[in-house]
Amino acid sequence: MRTPTSIHLRNIHKQFGSFIALNDVSLNIPSGQLAAILGPSGSGKTTLLRIIAGLETQNTGSLCFDTEDLTNTSPCDRHVGFVFQHYALFRHMTVLENIGFGLKVRRRKLGLSKKDIRDRALRLLTTVYLEGLENRLPQELSGGQRQRVALARALAIEPKVLLLDEPFGALDAKVRKELRRWLRIFHEQMGITTVFVTHDQDEALEIADQIVVMNHGRIEQAGAPAEVFERPASIFVEEFLGISDISQPIDRLTGPVAVPDQMEFPGALEVRA
Amino acid sequence: MSTATVTSFSNKALTARYGRAIQRDPRWLRAGLIGVALLYLAVLVLLPLVLVFTAALAKGITACWHAITDPAALDAVRLTLFISFASVSMNMVFGVAAAWAITKFQFRAKGLLITLIDLPFSVSPVVSGLIFVLLFGAQGWFGPWLQAHNVRIIFAWPAILLATTFVTFPFVARELIPLMHAQGSDEEQAAITLGASGWQTFRHVTFPNIRWGLIYALILCNARAMGEFGAVSVVSGHVRGQTETIPLHVEALYNEYSSAAAFSVASLLALFAFATLGMKVLTERHLSRNTGNRQFSTDQTFRSLE
Amino acid sequence: MFQRKSKHVLPGFRITMGFTLVYLFLIVIFPLLGLGIKASAIGWARFYEIATSQRVIASLRLSFGASLIAATINVFFGLVVAWVLVRYRFSGKRIIDALVDIPFALPTAVAGIALTTLYSSKGWIGVWLSPLGIKVAYTPLGIIVALSFVSLPLVVRSIQPVLEEFDPEVEEAAALLGAHRGQRFMQVLLPELAPAILTGFALSMARAVGEYGSVVFISGNLPMHTEIAPLLIVTKLEQYDYVGATAIAAIMLLFSFSILLGINLSQHWRRRRLAPALP
């Protein structure tokens, strides 16, 4: 596997009319890291993610993947995997067609046959524990299943970078906990540089390598969870992470994790005919 | 770009104001498509509209005025106003009653009832007239009986009224049903428990809520009633001064080559169409406040034929 | 103690329902039934004879054919107009929006005489076309123009709401997966729009086939050539051929009923198919 991409943001400034969404933001996400952008609504975290993806263009500042400047690259060419909070699956396509879409639109460039695409998509389906559901429509799946289809779809194009926008925001608490651990395990396996946006501090503290705390378009603090937790840079960080309220330390999921042979998923086996 | 400050920062608010970058088409495509749309509409819709007015004034404004104030034209206006008022009023009462029955109560076959109410939308105007000729014409079912009692329906205003009522039948009901359905019956139930009678409940609770939807429906219903041609043409007899509505009068003038006169009277209808659209825009603003959805009413109501 | 459970909380069910049913029956059901009964009284043999007579077939072919072409033209232009109205911001957008509604609001007779004058050989447009040998007024081409006029709003207003509601994130997702604009349109947007486009098409057909006022002036009304079906009904009525008129009316009614039934059914199926089966 090739070396994962690193992300470099320098002095990013983004304004909507007179509203400043991102104010001189600089950030480095090293190769292969799982980074969490944490903050309340309106902090600019989603805007930052969208700028990395190319869905928004910054007013000033530069964005690089490794050493390649992306300022003039359209989102279609950035090779970014993006998972939306509400999945954004293609309603009229089956699960398999959804997953294979990125390969299908680049078919000629990649020199893939229809069979190749189908095989790859099926393989990805298995990776996210959704075998047997390839001919379902998104409407026939549960929230957790749809999220995994969205993930498989993003991964199908072998992206340089994986971006997730509040990936578990629309799911209930139990499913959230399971899926976030699974994301960490997945990240260990895949090794792709991953950035996810969340407003849930437990999520960030539990699985991220780097936490970026944002507020009002600025980065309040960026660092490893232990550092942010033990040495909060400002009162905002302290309050947002609920540090003073914590009576016992958060359970950290760190280091390489052994993947069990079979993982039980809520809903994974539900829809078997 | 708007200069007002964005107070609520949510993706939805930003999208609403600034659109999504991905959806922005390149300038050449935008210009091209807008150009095509403008050209198509200009040729297909705008030109005929402009022509109505220029042709009306072709012989000068005095001639135009004479055509409009001609006794036959005024008779046509009187008849049209009378027919519209009567048919719209009847359909309004029906529409309110049907909407009340359908939205405030539970019963089976609601879908069937709504489909039946929609039927006139799917009938060709000429057929809408024909059915009444088959009933009340000289050779119709009731023909002999009517002749024996010297009652004239076909080729007289009652048939025009029936045909117009048939054609505009669904308008009010179709507008009120989704509106009242969306509003639910909680408020009415509260009123009942507070001791109000059915009529009081309707007058003080329901009616204020549906007021704008009703006005909107009446505007559309009236516009259609006044402009109806095919159905009225079949049942009317075309007797000048007696059974001519404004559209029929326009046709008569046109067929006898009084083109300027025909367009003069037609311009009345065109002006009225503008007024209708203007009122529609005004009431739509009030409507969207009530239900938060502007498009559904236009979408469903405008399924009419002719 | 036996308590009578009141079926309805609110009063007035019986009176409103009763009035509704009576009025519905008198104004709509009864007359339509009358047509149905009279049509069936014609008997199969005679009905078939009328329906397959040359003049009737010519008129039906004209009405259906012209409606089909007009509906197809409006699918293309209607899509462009809807796209422009939903996706773009420009001054004059309100005017386009109002123009789209004009065919709804303008009485058909007015549209009819205006279009005829416009496309006649001395009319503003006709004068440009006649040196090219193109005749519009009093030909099937004119009928197509008139039917396009009449059915445009049906297509645009069918497509518009679906386009407005389209989730922009789905487009973004498609772009990030590598789809460029054309691919996004063909593979993601168009399939979503297809049902609405079909509905608009079907509504146009249903309306155009029965259209009278806008068409009867521009069509020339030559039997076998430019005589539309509704006009043929009127002609037969004037000749006291009630049987003939009834037969053609029955055919047209069957057609528009089945179109509307088709639309309602397909919307019903689609709602069931796309409704989420799981929470």
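A, B and C label the chains in the order they appear, each numbered from 1.
Just so it is clear, contacts are C-beta pairs under 8 Å (C-beta built on N, C-alpha and C of every residue); 3 or more make two chains touch, one makes a residue touch a chain.
Everything numeric here is computed off the predicted structure, so don't read it as measured data.
Student: What is the shape of the graph in which nodes denote protein chains and edges denote touching chain pairs (line, ring, star, complete, other)?
Tutor: Graph shape, chains as nodes and touching pairs as edges: complete.
Student: Name the chain whose C-alpha centroid is most distant from the C-alpha centroid of subunit A.
Tutor: If we average the C-alpha coordinates per chain, B ends up farthest from subunit A.
Student: Counting only Cα atoms for the centres, state how far subunit A is from subunit B in Å.
Tutor: 52
Student: In whole angstrom, how far does the Cα centroid of subunit B sit from the Cα centroid of subunit C?
Tutor: Spacing between the chain centres: roughly 16 Å.
Student: Just give me the whole-number Å value for how far the CA centre of subunit A lies from that of subunit C.
Tutor: The mean C-alpha positions of subunit A and subunit C differ by 47 Å.
Student: Among all residues of subunit B, which ones touch two or more of the remaining chains?
Tutor: 20, 22
Student: If you look at subunit C, which of its residues touch at least two other chains?
Tutor: 172, 175
Student: Give me the residue numbers in subunit A that touch at least two other chains, ranges are fine.
Tutor: 55, 75
Student: Under the stated contact criterion, what part of subunit A meets subunit B in this complex?
Tutor: Answer in residue numbers: 16-19, 21, 41-42, 46, 55-57, 75.
Student: Can you name the residues of subunit C that touch subunit B in the complex?
Tutor: Counting only subunit C, the residues touching subunit B are 8-13, 15-17, 19-20, 23-24, 27-32, 34-35, 38, 77, 80-81, 83-85, 87-90, 92, 96, 98-115, 117-118, 123-125, 145, 148-149, 152-154, 157-158, 160-161, 164, 168, 171-172, 175, 181, 203, 206-207, 209-213, 217, 230-231, 233-234, 237, 240, 242, 245-246, 249, 252-253, 256-257, 259-260, 264.
Student: State the interface residues of subunit A toward subunit C in the complex, per the touch definition above.
Tutor: Residue list for subunit A touching subunit C: 53-55, 74-82, 84, 86, 88-92, 101-102, 104-106, 137, 139-143, 153-154, 156-157, 270-271.
Student: In the complex formed with subunit A, which residues of subunit C make contact?
Tutor: Within the complex, subunit C contacts subunit A at residues 167, 169-170, 172-180, 183, 187-188, 191-192, 273-279.
Student: Please give the residue numbers of subunit B that touch subunit A in the complex, ascending.
Tutor: 1-6, 9-11, 14, 17-18, 20-22
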